[in-house]
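We call the chains A, B, C and D, going by the order they appear; numbering starts again at 1 in every chain.
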Amino acid sequence: MSSETARVEAFSDGVFAIAITLLILNVQVPPPSAGHLLAALARQWPTYVAFLISFAFIGIMWVNHHRLFNHIRRCDNMLMFLNLLLLLGITVVPFPTALLAAHYSTPGRTVAAAVFNGTYVFLAISFNVLWFHVVKRGLLDPETQELDWQSFTRCLCAPLRTAGRCGVQRNSCIS
Amino acid sequence: MSSETARVEAFSDGVFAIAITLLILNVQVPPPSAGHLLAALARQWPTYVAFLISFAFIGIMWVNHHRLFNHIRRCDNMLMFLNLLLLLGITVVPFPTALLAAHYSTPGRTVAAAVFNGTYVFLAISFNVLWFHVVKRGLLDPETQELDWQSFTRCLCAPLRTAGRCGVQRNSCIS
Amino acid sequence: MSSETARVEAFSDGVFAIAITLLILNVQVPPPSAGHLLAALARQWPTYVAFLISFAFIGIMWVNHHRLFNHIRRCDNMLMFLNLLLLLGITVVPFPTALLAAHYSTPGRTVAAAVFNGTYVFLAISFNVLWFHVVKRGLLDPETQELDWQSFTRCLCAPLRTAGRCGVQRNSCIS
Amino acid sequence: MSSETARVEAFSDGVFAIAITLLILNVQVPPPSAGHLLAALARQWPTYVAFLISFAFIGIMWVNHHRLFNHIRRCDNMLMFLNLLLLLGITVVPFPTALLAAHYSTPGRTVAAAVFNGTYVFLAISFNVLWFHVVKRGLLDPETQELDWQSFTRCLCAPLRTAGRCGVQRNSCIS
């Protein structure tokens, strides 16, 4: 970790950590009037699924971000801007998660699922734009640059591609 | 603290710090219509107890996490995954805390207490799985490895075991 | 980054990261009773605009804060106080954002826009006071002091001046 | 900052940063039905005063915590426990702030003010207990120990004493 990128990483870590922790605020406590508690808890299963998917996605994005910044030696203005764009996507995640959880059993579920998947497609695109910028501008440290970075890219993109594909499938299942 | 684990610790610290601070959002302000304020505040004592137990538990988990990572020298993918699993448990804590506080004086209290204790059992299990992985893969620094790590393990597990046992007892008291 | 300012930066980064992430809590999920979900989502477009403006502003402020503290070598009490004043402005941002989003289509929109812009004027003033204090007390590292700091100041102020001007224009458009 | 206390400081900074940023969630946006927005905003002035007092108090506590840990060289279990006790007080702050803001113009204001002041008295006591533990166990670095630490203590306690006194006065004014 170079000192030039240390504070960018600290800020990003903060945003990732807060976004991943705020997700739980979307899981509502059933009011005492909701009948038997176990049944009430079971009825809101889409909330838990949405929470777990979002947690897993932010977690994976953090691991990838961490790995990428391990290899970045220099920091330019464009990198800071693209990183903010990625963080914009990360901070947005609690909203589509709440949307999907609230509208899973209503006619709005197709729209909710589209917004949910759209967020992840946006995240995947920002991450790849960030990555291509880093490679193109030679911001990586020399050792990494000598690696076959294409294979590294492929390995980074794979989970995102899978997520995108799942999104599309889930979308079609629902509609 | 090795530089390899520094960012994992920074991210974990962020999640611990946010989860422990979000707990207070579960303590509701009684509305002005709730009658005498002191009585209204006193009536919601289960909220304060749940808040304090969760605060203490996250605090203890943080101290243990801090101690464990002080001895970790290397970081592998499995460690990052297991750490995320532990953090999943930590971010979930505000939910069972709110659940127990809201349902303590309703028929749903057995279910609420079971969810509350289940979260801590999940946390205790993840922490131990993380710890056994670290020992088995030799990710500790050499000095620590020479220690009798079994006694160290015992000392780490003790509070969790106690918590688990309390949970079961509390559960039986309530039902 | 000198070790004397490291913890001030860590604390500031935390506040920036949390304020930028809390903004999403202002984006409400339309209740299932709100009719067609797509229409309900489209109706709350002022919320998204307010969210994006606030995200961009906090992001820009963070980049500027980061750049400024890169050049600060020493830390005095007044710097810590002025930094807290700036952070006060940053933590306040989610409130005018929610206010503008909630009152954009009501008669209160002039007041809401004035509060929204007032926050950014306050932030711009605090940032400049902080900057002038740093220059006047010679808290910068020697290399930077030799630079033509006036041009640096100009470059830092420009985005804030633009934001202020936009604010005034938006204000007049709305009224 | 010794490496032994670095992570304690990082965690504490996180808690301080989050608690200070969550305060704004207590400032409610008046609903569109509340009549003229400016009047509605003006009516909730106790909310702003409570927000500013709490912000100032957490800010001052952070500055003092920062200064104290600058001089701590070693870290023992008791220090970690006392630090958690102080952080407990800090995370609680948003609750009495919301309580005072909500009940300022109701008969419950004496109780609300007592809870508000009680929190700050608790914080002042925890901070002083932490400080005396550090001095008694010789956890400070040698240079500081040679200072007349009594004067340092006096200087640290002064703002807390003042705050306590203000609290008592405010209390008597209100009742």
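Simple rule for what comes next: a residue touches a chain if its C-beta (ideal position, glycine included) is under 8 Å from a C-beta of that chain, and two chains touch if they have at least 3 such contacts.
What you are looking at is a predicted structure, and each value in this text was computed from that prediction instead of being measured.
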| item | value |
| --- | --- |
| Farthest-lying chain, centroid of Cα atoms versus that of chain B | C |
| Rigid-body rotation angle, chain C and chain A, from Cα fit (steps of 5°) | 90 |
| Interface residue overlap between copies chain A and chain B, same or different (over half shared) | different |
| Geometric centre distance via CA averages, chain B-chain A, whole Å | 24 |
| Intercentroid distance (Cα basis), chain D paired with chain A, Å | 34 |
| Shared-contact residues (touching 2 or more other chains) in chain A | 10, 14, 17-18, 22, 25 |
| Chain A residues touching chain C - in the complex, by the definition given at the top | 3, 6-8, 10-11, 14-15, 17-19, 22, 25, 80, 84, 87-88, 91-92, 94-95, 98-99, 102-103, 106-108, 111-112, 115 |
| Touch list for chain B against partner chain D, complex | 1, 9-10, 13-14, 16-18, 20-25, 27, 29, 31-32, 36-38, 40-41, 55, 59, 62-63, 66 |
